[in-house]
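Next up: some structures, all given as structure tokens.
Look at the two complexes coming up: chain A is in both, with chain B in one and chain C in the other.
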Partner chain A sequence: MGWAAIRTYTILVYLFMFLPVAVVVLLSFNQNQFGSFPMTGLSLRWFEALWNNEAVMRAFRTSVVLGLLTALISTTLGVLASLALVRYSVPGKNLITTILIAPILVPEVVLAVALLLFLNWLGIGKSFALLLAGHVIFTLPFVILVVQARLVGIRRDVEEAALSLGASPVQTFFSITLPLLMPAVAAGGLFAFTISFDDITGTLFWKPGGVETVPTQIFSMLRNSISPEINALGTVMIVMTVGLPLLGAAIARSMALKRGA
Partner chain B sequence: MSVEAREKRQPWILLSPALGAVTMLLLVPLIFIVVYSFWLRSATGPDVVGFHLDNWESTLTDPFYRFILFNTLKIAAITTVICALLGYPAAYFITRSSGNKMLLLLLLMLPFWISYIIRTMSWINILGSSGAVNTFLMSIGLISSPIQMLYNEVTVILGLVHFLLPFMVLNIYVSLDGIDTNLEDAATSLGATRWQSFLQVTLPLSLPGLAAGGLLCFVLGAGTYITPLVLGGPQDAMFANLVFEAIITQLNWPLGSALSMALLLVLGSLVAIYNRFLGMSQLTKGLG
Partner chain C sequence: MSSVQLDNIVKRFGAFTAVEKTSLSIPEGAFVTLLGPSGCGKTTTLRMIAGLLDPTEGDIIIGGRRVNDLPIHKRNLGLVFQNYALFPHKTVAENVAFGLRYRNVPKADITRRVQDALDLVQLPDVGARYPKALSGGQQQRIALARAIVIEPDVLLLDEPLSALDANLREDMRVELKRIQARIGVTTVFVTHDQSEALAMSDQIVVMSDGRVEQVGAPQDVYNTPASEFVARFLGASNILGGQCVAHGADGATLEVPVFGKIAVPAAKAPHLQGQGPAKLVIRAEKLFLRDTPPQDGAITVPATVEAVDYQGQSARYFLRAGDTALQAINMIEGRPFDQGAQVHLSIHPHDCAALPG
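So, the complex of A and B:
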């Protein structure tokens, strides 16, 4: 196979990955009254319809709150655990790492069932608390893997210098380690937020009746009837989970450049 | 407390919240559903506590469940093979391309940030009765009314391939990127054709990545119930759909527990075999 053939093949694979998603974005601006093909002109009517759809807006608020809380808790737990694993020699490190990433080794459906049944038995039925617990446990391994990878790159001697100059360990952590850690913390938090915001497999098991997140709202809209607003909702979600991280990365980069200059 | 003792305790203090969470929210619940799978559902009151083998008997012997299990493994296997065939050349191209490598990698990461439900439903816009393909065929007069292309096994596999392909490409890429290109050059300078040097040098060295990508595709594919619900018909249920049905629709939690454990055992044994021969580190490489 020649190089040109491989290139063409790769372009086709990329088209396969992106074309359907691009069509979602394209159709969300369609003026056509059914929101489907053919494109009859550009309009924002479906976004307007979304804005006025109380159920969608409620789902949106639920997803954002859930995502933020998940990111906060999961990142806190993940950063602490990563610090321990990277900075100290802990006996049984491999076993501990395996346990910590176990939530992604277990199929999400099984995790969802186990958590639902156990917490229900403890008296915590389908609720926001169950949803939050599920999202935290499911995002934790991703946070730990991302944060650990970033932590390895941070040099220890700066901290040792602070300690040797008389700073207490707590002072050192807040004035030296944490600032150096911020990119890792931000990356972990962003990752947790995105995964939580996108999750549907576990969420359908854990959510109480009447509560919807954006993905479960899309799912129920798909099952009942394909409403034309759905593409607009998809576009908003793509902007949230792709646009924001890219914007964040761009800002971080320009700030780093300024500081460097 | 001596400094040394404090040094020793510190990591455990840092680890305890995360370990506690995983223990209480995953490990204990898993043990709990093993126990629960031996309970019985009662038509009227709460589930009957005890040691009953009924749920396991139906899980293991019911021909319908066995058929669905077989179907699930078949769909996951086909998906994995298609992902490998689509993903390998693409990963190879990314590794060896010079100019736009960063862009290609960034694009490869993008699907991970786009919601699974959106990527799945996007196919309705393409293949649905008022989707792109039908609209096009009707506009050129090839067909007069839309043809039904959705809601069958093929579209389930299509949706799964679309969802899982980035995992495959990324894992193969990580593996290919770690291979010293001098090895291939050495092979060609010793008289091998490019194709021969690829088959005998590069391909074998990239097998760990291919295996990691394959495992992820298979396990994630075999554990899904959303794709069959969105893109499949009633006859395309997969094993996780049985679990969802039992837990959410029929509220038969003891049976749902047994079915979940069965799924975990099947997929878990694959992960265990993989871990035995290749180790977990390859799997986590792609995420770092």
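So, the complex of A and C:
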């Protein structure tokens, strides 16, 4: 017993968690129709099949558009909300913060059903806009948490210096505050994109008929059969949701280095 | 360059009054210091002149124009902060050029004026670097360059030397004064450091608890304090409570413990109205310790040295004369007096100041 045992145990846990993912990635390059080891050869045929699968490509486009719009709206609202909460004395500040952060704490199913019921009550049907709104509500807390933390670290006197030099409050925001906030805005945007891209629970409730995102497409494909195409699609998802944030972090780091930080 | 006038300014934060009815007139080109302990309202006053705070009552007049309703970015002021407040994502040259971009200055002129400003603060070669690559003192010089390059009507300095270490602070003091004199800009300087105030100012405004205690030239404020607070805040003073027993055109005579009757010249007792309770202020460095009684008309009393604080060229003595504790700061000639030594303590009446009791 001791450290050796703990180490072994840890490795086993990680294997248990990540081996299935590795198998999916591996099998997506399999030449054979049936997923079995040893693999008989490498091939990109499933990616090709994916590329030619109109339904999957449509879902992919929907997911990307949805993710980008979610990221755009969430970061805009998140920056505005953070500014209001950090820089101004708003009555009921703590309550507002709690409400804005609440979607993280509420189970997603509850949130999904609640929004759906609320819009039914208002007589508004399911639409892409509703789906987008749901994703924004769900990703906004992440953006606010990241942006607020950064904004607190930006000294007020830097903004005051810009004002004293003749920049109007709006000019000060765009020339000083926003550039200094940019790392947090980018991180928040990436968060929002990957969460939106990855989301299935809320999406299943909110999506209008005929619209599929990548996760719901996989879900419905799985109901019929387990096609190797799904492995390829899974690999694409992994690259998108893991690779993008890593890429973002790398870019942020190289920018910081250039500034002599 | 403009004069600054505060006309019955009041600033309240809820129930708390940060600045009580204050009027102040700062002439064009003057270097005026707001001096006081933290919480005395000096920074609040500066921020009201800057336009970062709105006065609750009263008017702020810059260059003859009421600016209460003019937002900060239209006031044309240079502002320097304690923590430099340079823009970390811009190079030094971009920092200095920032204010010029909002003033329709042609590109070629911007480059030239930025270089002139960097030359003025004696950092001509750092334009391409980022603020982080500079030392604290260099960053503050850049902040100063950034504030003066726009040729502000008034330069506002909020404890600009406080974040620097001691040696650098004294160099920067001289430097700041040199630059201010060179460009002749009206300057309001906020500090809690009396030596900075005494060394740099044309006028010192001593503040306490949101009120102005005294306004005057450094020598006047130092030698003829208008209140006990000013006497205690600037330098080390002995303050003896007593009675004014005679008051006339040529001065006042005070009767105090230890020294008895002392005739204070009128110039050193301007705030004394007549006979009655009064206080005598004796600067610690005007109280002289002697082995033998001097023969120069000084008032001399015996005292005991209770403690000695050796400071190199001078020493600070804690003394007891009768029941009264006194302190003195004397230059050391030969060697300092020892603890427990019996000494002759002498003062000249013209070195004393009198305050109403």
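Following the convention adopted for this analysis, the second predicted complex is superposed on the first by the 248 of 261 C-alpha atoms of A that agree within 3 Å, B and C clash if a C-alpha of one lies under 4 Å from a C-alpha of the other, contacts with A are read in each partner's own complex, and residues count from 1 in each chain.
Here is the rule we go by: contacts are C-beta pairs under 8 Å (C-beta built on N, C-alpha and C of every residue); 3 or more make two chains touch, one makes a residue touch a chain.
Because the structure is a prediction, the values reported are computed rather than measured.
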Item to check | Most chain A residues touched (candidates chain B, chain C) | outcome: B
Checklist entry - Of the partners chain B and chain C, which touch A:G234 in the superposed model: first, second, both, neither? => result first
Checklist entry - Where does A:L163 make contact in the superposed view: on chain B (first), on chain C (second), on both, or on neither? => result second
Checklist entry - Thinking of the overlay built on chain A, is A:L181 touched by chain B (first), by chain C (second), by both, or by neither? => result neither
Checklist entry - Of the two partner chains, chain B (first) and chain C (second), which one does A:D198 touch, if any: first, second, both, or neither? => result first
Checklist entry - If you stack the two complexes on chain A, which partner ends up touching A:F16: first (chain B), second (chain C), both, or neither? => result first
Checklist entry - Between chain B (first) and chain C (second), which, if any, makes contact with A:L50: first, second, both or neither? => result neither
Next on the checklist: Tell me the contact category for A:L69 with respect to chain B and chain C: first, second, both or neither.
Outcome noted: neither
Checklist entry - For A:Q171, is the partner it touches chain B (first), chain C (second), both, or none of the two (neither)? => result second
Checklist outcome for this item: Interface residues of chain A shared by chain B and chain C, listed none
Checklist entry - What part of chain A is in contact with chain C in the complex they form? => result 155, 157-158, 160-169, 171-172, 175-176, 179-180, 259-261
Checklist entry - Quick one: in the complex, what on chain B touches chain A? => result 7, 10-12, 14-15, 17-19, 21-23, 25-30, 32-33, 36, 86-87, 89-90, 92-94, 97, 104, 107, 110-111, 113-119, 121-126, 128, 130-132, 135, 139, 162, 165-166, 169, 195, 219, 222-226, 229-230, 240, 243-244, 247-248, 253, 256-257, 260-261, 263-264, 267-268, 271, 280, 284, 287-288
Next on the checklist: Using the touch definition from the top, list the residues of chain A that touch chain B in their complex.
Outcome noted: 1, 6-7, 9-10, 13-14, 16-21, 23-24, 27, 34, 36-38, 76-78, 80-81, 83-85, 87-88, 90, 96, 98-103, 105-111, 113-119, 121, 133-134, 136-137, 140, 142, 144-146, 148-149, 194, 197-198, 200-201, 204-205, 214-215, 218-219, 222-223, 226, 230-231, 234, 237-238, 241-242, 245
Checklist outcome for this item: Per the touch rule, the chain C residues reaching chain A in their complex are 50, 52, 71-79, 81, 83, 85-89, 98-99, 102-103, 129-130, 132-133, 143, 146-147, 150, 156
